[in-house]
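My questions will all concern the structure given below.
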Amino acid sequence: MNSLYLFLFPLALSGMAYLSGKKAALQQILALAGLLGSGALLYLANSRGLSDQQVNYPWITSLGIHFSLEINGLNFWFLALNALVCFIALFYHINQASKNLRPDVVVLIFGVQAILNGVFMAQDLMLFYFLFEASILPVYFISSRYGSPAAERATLKFFLYTLFGSLFMLLAILYLYAKSGANDFLFSSLFADNLPAETQGWLFLAFFLAFAIKMPLFPFHSWQADAYAESPVESTILMSGILLKMGIYGMLAIVLPHFPQGVTDYGHIFMGLSAFGVVYGALIAMVQYDFRRVLAFSSLSHVGLIGCGILAYSDVALEGVILQMFAHGVNIAGLFVVSELIASGAGTRDLDQMGGLSRQSFGLTVFFFIFLLGSIAVPLTNGFPGEFQLLMGLFGYNIYLGIFCGLTVIFSSVYMIRLFQKSMLGLETDGRAAFPKLNASQTFSLFLLAALVLGLGLYPQVISRISNSAVQVLLRAY
Amino acid sequence: MNQIPEIIRVVPVNHYVLLASVIFSIGILGVLTRKNAIIIFMSVELMLNAVNLLFVVFSAYKSDPAGQVFVFFIMAIAAAEVAVGLAIIVMIYRRMRTTDVSLLNSLKG
Amino acid sequence: MDVYFFLAKAVIILLIFGITLLIATYSTYAERKVAAFIQDRLGPNRAGPWGLLQPIADAGKMFFKEDFIPANASKWLFIAGPSLAMLTACLTSCVIPFGGTLDLSFLGISELVPVQGIDVNIGILYVFGLVSLGVYGVMIGGWASNNKFSLLGAIRAASQNISYELAMSLSIIAIIMMTGSLSISQIVADQDSFYKWNVWRQPVGFIIFLVCAFAECNRTPFDLPECETELIGGYHTEYSSMKLGFYLFAEYINMFVSSAVISALYFGGYHFPGESLVAGLMPAGALGHNLLTLMGILVFFGKILFFIFFFMWVRWTIARFRYDQLMNLGWKSLIPLSIANILVTGVIILFLNS
Amino acid sequence: MQLTSRAKRVSNKKLSLGERLYLPAIVGGLGITIKHFFRKKVTINYPEEQRPMSSVYRGLHVLKRDEEGRERCTACGLCAVACPAEAISMVAAERKPGEEHLYREEKYAAVYEINMLRCIFCGLCEEACPKSAIYLQSDKLAPSFFDRSDVIYGKDRLVQSMETIKTAKSLKSGLTTSDRYVDKVFKDGKY
Amino acid sequence: MVLNLFYFLSFLAILSAIMVVVSKNPIHSVLYLILTFFTLSGHYFTLNAQFIGVVNLIVYAGAIMVLFLFTIMFLNLKDDAFTGSRVWFNLSAVLLVLVFAGILVVKIIPAQIGVASEMEFNSQIGMVENLGTTLFQHFLVPFELVSVLFLSAMVGAVMLGRREKGEKNF
Amino acid sequence: MLSITILSVSGLVLLFVGFLNKISLSRSLAVAGLGLALVALFYGNQNVLIPADMDTQLSFDGFALKFSALILVFAIFIVFLSGQFLRKEFVQSAEFLAVTTFSLVGALMLTSFTHMITLFVGLETLGISLYILAGTDKKSNASNEASLKYLLMGAFATGLILFGMAMIYGATGLLDFQAIAKSSKDSLDSGLFQIGVFFLLIGLLFKVSAAPFHFWSPDVYEGSPNVVMAFMAVVVKIASFAALFRVFGHYFSGFSFLWWDIVYYACLASLIAGNFLALIQKTVKRQLAFSSISQTGYLLFAILVMKGNMALDGLVFYLFVYGCSILVAFSVITDWFGTRSDITLDELKGASKKDDFGAFALTLAYLSMAGIPITGGFIGKLFLFSPAMEAGLVQLLIAGILSSVVGAAYYFRPIIHVWFSAGQPVIEKERNHQWIAFLGGAMLLVSGLFPDTISRLIAMM
């Protein structure tokens, strides 16, 4: 039952947020409740045994669509990350905009949380698709409404791209449905029998397209930088922190186990492309002058690595994928929060006009540095074990590819250090207003993230213990 | 009285169908090429008449009254349509002083 | 069906045609005479005894006048107008049964020959069809003249004819319901005794029909299409010579046909009171039959002549309507009345049948 | 204010149903006209028949001669002066010796013309004439014209013809209209 | 004899139908259309469908076309106003229709169309009694519903054609 | 049949009530009549006034009931929407409402015909009433023109349909669809039958404005008064699809080899033409018109599939959702812009600042038309796509999917304008039809989140 609660709980919070209107304190409590509640639910689920948590109700009877949710080893950490990232986004928003709080943003973020929980837990392919598409809407609205003037265009681009991809997924789902002859969309019945190789090929392509656009992997990424740069930071956090994880989850839950033939046929092509994306993203990130664009391209680079890892389908790599997925979510959320705090303090996002901030806000500098380390995957931070395992998997798959992707370790440190240098170090720019100090709740949220960065770097097994079995299941198809 | 009329014995029904089709095509041609709304409307009447001819012919050759009853309906309804249509054309002419459809361009189409 | 039958038919049709023309011709004379008499005058009396040659003189005058076609008129249509008017007027009389049947066995014709042009089973519809076409002559002529007054007259004529045609056909429907046939000869045959005349059974229908007949013929009080004070001459303003003659002539033919239709539909056609009595007095065989038919024909013509007279009589009694009054009468009185008439007739028929 | 007893008041009352049917009124009208149909006709077939004319009728003009056949007119012009329509014109001339049997006085009208389109047949010329020369006949009508040149009556058509002098009738026609009126009044005894 | 009559009527029908479309003057179009109706009525008469033939004349020639004529005269439409070149459009329309008619002809000529046999043939079906029986026994409901259509058309025609307050033109 | 009778009578009554010249009274009477007809549809004895043995050429089977109910429900709301139009622009309210009611008689006939005569009479009753309705805004040139264009094209299409019917009659000697469906093989093989089916199909495609026979509809939609356009987009679309489905999806499904390809390409063309042309439109109504063409394309899927209740219920569901969207969009637009019919997209800018509820409802409507989840539009598309997939129409589905991405691009333009664009709102806010927007929006959400409630209702009928 916890799976259902996990879906309904944020929804309920969303309703309460709507009712509580502009009262920042109340909203803050709700946000905390969201984090703690979700955490508690997950913890309980884990302690009582994940397999007991599924629910299955008929939803659209004429097509046999079920409202079927389940918590398992694969989605557990996605759910956890979801709770965390949404909490960060919410907390940031409530804090930052406490003077003119926008209740609709809070409502929508809770909505996103609920929908994403649904996506990760869905065991009915149509339900998955439904929530998968529905998840874009709230983010789209936040981005377009409160983004910069150019956000309209950028977010519409984001919307149309993802819609384009996911409609092919719909086609593939319908095909599967028509093919299976079973009158429902449950994973178990749609993927019951082995599909012929040729069919697997194009089904793979259809699903892969949807998820690759969402992540985004290299050739499908062109919406990303604009959307990240022009949206308000809340939705950027959501997009980078958790929305793109849907793509990863989809790859893991659907593509990898069910279309092995497709993966073997086409996987190497996309692997090559996303490996190229890894380097490409890193190189572009080095020359960007917009704080957020640097982060956007770094994200492209990291996600490319994750994509490679997925397609490499070895147990090491998949372990790494899940670790890196979680780590990336934490890091990127932290970095975006920091970047926004810097930008709002500096009054600009242009790196050339920053500098010397470390002298004004020591706390921020520390947090920035911690997330930076995590992002570069320095040992003892959370980025390290994941990236290490990913690279290992890639070396196992193909040594040249491994070497090529390994470059990212160097490149990421280059652009990250550049970022740090340009903003924090160096000379102070003249005539800037005093930099605001971090307040308590900002410190709290950043501290939470920083703790995770360091904690998971020290003790990554907590993640792999739960996900290990799931990874083994995934690999059974090969 | 049940003898078949001479015309039905002499003229193959296909001739009639051809005739009707040709008239129908001429009607379509009128609708497509003319610009005057009234003439377009008349071309439509021409088409309807071709259809009437078809129905009567089939009805006579097949000895089935339903076809002729259908013709009856077509005529009645065509009359109603003409009444409404001409009212519309008069209304248009009153405002725009023309019935030329190519001049009616307040809607871009 | 032998040759003689056709010949006899041909003769009858020719006769009917001739008589139609003759009566129409003399209607012009009668018109003037009746007008004169009603106005306490003598009327034409110079050409021939009692002026009987007057119509011929008029016709001669018409023929020899200058035939003028206006410069901007549409030439063909200008000529087509009066021709059409004349054509439709002349075609109508061939379905009217002027008498019973003739026994022409002495000519070798075995069948009885009805004194009727053609006995179609939809005679009434035929009449209406032609009446509705009659408008074209007027409209085309009026339009082709390229003259505002002509056009206005033509449009008036057309709208008047269309409006009254409706009430007219509706009033007929009651009769058709009673008779169960569209054939005029059938309707006449149905009124074989005096008390069965439709005028007694359908008084309202008769009045409606009569009024509409006046309007259809453009006779006073409905002669607005050619009302001089407003429209000079109406649709035939630009016409002269025999083309004008055709229009006028067509009007008289229409009057004749209307009278014939009224007599046939409502006054028993060639039947007359005491017919059976007379039939008993007649010698047996072909001669008696033919004599009786002949009497019928005479009676029928008597009725027709009376109605022609009635047309003229009314002309000098009632003043011309105004145009809106005309339309109001047609649409707001006659049509509802005739529909009500149909309903009542239907109810009565149902009641009688059950 | 009632000016005349023949004025009829118009009533605008609503027509009753019977009246609105019009049929009774129409039948009534038909009755009236058919009555006229059979009435005696009032037409007079003119050339063949003529209406009896009153003795005081003012018809076509005549220029009188006296008992000996001499023209009475002396061209004094009083008739032209009296004529309200200015229809009369004349040219005077002196009587030459040897013409005494033609003209009664020394002065006579060489030209005497009446424009019959102008003349209104009022008879004032007759009243004005001191010589009893011009009269309006009671038994002759001015004919209709087909040509404008026929309209002006000269002496050729106005002067009394010689034959009529002899007859007794001429005396009678020598009376002016007013004389004839007086005669008629006495004859009818309506005075 | 009958065959010739058929060909004559058909020739006339097609000719006048073409003239309807080609005539410059709308009045001429109307008159040619009436002529077409006459020829079609002629066909109906020869096919023993007298009632439909006469009704065709009464309804089409007698009522509908009078309305057309009336409107055209009323609006005083003379010739088509020539507005720009539509030659290519017209040519392509003609071509299209020709192709279309060609396809029809090709389809129709070889078509086997069922005809009633001598035994079951009834030459009286075009008579009023037969049509009336069919109409009022089998098609009474649609017949009644047509009245709804008429009412609607009547209301609409009056509503649209009526002059509003303040409109000056006729 | 009873409903048809009720509608006819209530139309008549409306005409007489028109003498009182009270718009609200007429309107409530019209609603009462429609409601009564709706009730009679389910609870009345359909043949109450007709002898039992009489063939009415109409059959109120389950199919007809579904569509008729849909038509009547939407018509009621559209009558409510018409109030402002009647008050502000147009005095002859009784006539307007009466003609609307009469047109519904035609619409109901189109859902229930079994015979060519009833199909034809229904088409024309609906058609002629619509020509009139399109021209009711006599003061506007656009309305007049729309009326004329609709008339000419409608009459032309009627001609085509009749030609088709005549040819089918010639081939089979039958006018009854059921009998035709059962008629012998050799009569169906004749060229005449092929021509007949072809023309009947083309004519009906004209009526549903499927590309490439769509060119009249944008003009007509744009020119007509707003409420009439809503009526056309909803009620008329439902009725003509009912007719198309009844003929081809039902009676003629046995000889799909004759018509299937044409519908296929028409579907493809509608999807492409509708969506791509809608991209470049500048006015709200014209955009909706092109979107309606593309919706026609989606709806044609149901006819291509033509088997089972699945496609039928999907069609009904989709029509229901589409109707709700149009209804919501028009109620909001009427609230914002009154009866103006030339609203450009730019005028929507910033509208949410003045009326966020309206903006929300409008957004829902457009999302639903775009087929985005949580609205009914998505479920509707799913219902249409999934049988199509089962029938193996993969290429067509790909076209459908690509075009719905294009569709989303233009459906989002009004949404963006309403919410995100900077700009002073030019709207005037009235709250006359908020309840319609609320109800419609709620229906869109309910059908998007709990589609079973709706589809069970549909299946029950």
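As written, the chain order gives the labels A, B, C, D, E and F, with residue 1 at the start of each chain.
The rule is simple: a contact is a pair of C-beta atoms (placed from the backbone, for glycine too) under 8 Å apart; a residue touches a chain by one contact, two chains touch by 3 or more.
Everything numeric in this text was worked out from a predicted model, so none of it was measured.
The set of chains touching chain D and also touching chain E is given as C.
Under the contact definition, chain A and chain F share no contacting chain. With centres defined by CA atoms alone, the chain at the far end from chain A is D. Between chain A and chain D, the centres computed from C-alpha atoms are 128 Å apart. Between chain C and chain D, the centres computed from C-alpha atoms are 51 Å apart. Centre-to-centre separation of chain B and chain E, using mean CA positions: 4 Å.
If you average the Cα atoms of chain B and of chain D, the two centres end up 75 Å apart.
With touch defined as above, residues shared between interfaces to two or more other chains in chain F number as follows: 117, 121, 124, 128, 131-132, 135, 138, 147, 170, 173, 192.
Across the assembly, chain B contributes 13, 17, 27-28, 41, 57-58, 62, 64, 66, 69, 73, 77, 80-81, 84, 88-89, 91 as residues in contact with two or more other chains.
Annotation for chain C: no residues touch 2 or more other chains. Taken as a contact graph, with one node per protein chain and an edge wherever two chains touch, the assembly fits none of the named shapes, being neither a line, a ring, a star nor a complete graph.
Pairs of chains that satisfy the touch definition comprise A-F, B-E, B-F, C-D, C-E, E-F.
Across the complex, chain F is touched by residues 104, 107-108, 110-114, 138-142, 145-146, 148-149, 151-153, 155-160, 164 of chain E. The residues of chain B lying in touch with chain E in their complex are 1-8, 10-11, 13-19, 21-23, 25-30, 32-36, 38-39, 41-43, 45-46, 49, 52-53, 56-66, 68-69, 71-73, 75-84, 86-91, 93-94, 98-100, 102-103. Across the interface of their complex, chain C is touched by residues 23, 26, 29-30, 32-34, 36-37, 39-43, 45 of chain D. Residue ranges of chain F in contact with chain B, taken from their complex: 116-117, 120-121, 124, 128, 131-132, 135, 138, 141-142, 144-149, 151-152, 155-156, 158-160, 162-163, 165-167, 169-170, 173, 175, 192, 215-216, 218-219, 222-223. Contacts from chain F toward chain E in the complex involve residues 1, 4, 8, 11-12, 15, 50, 54-58, 92, 95-96, 98-99, 102-103, 105-106, 109, 115, 117-118, 121-122, 124-125, 128-129, 131-132, 135-136, 138-139, 147, 170-173, 186-187, 190-192, 194-195.
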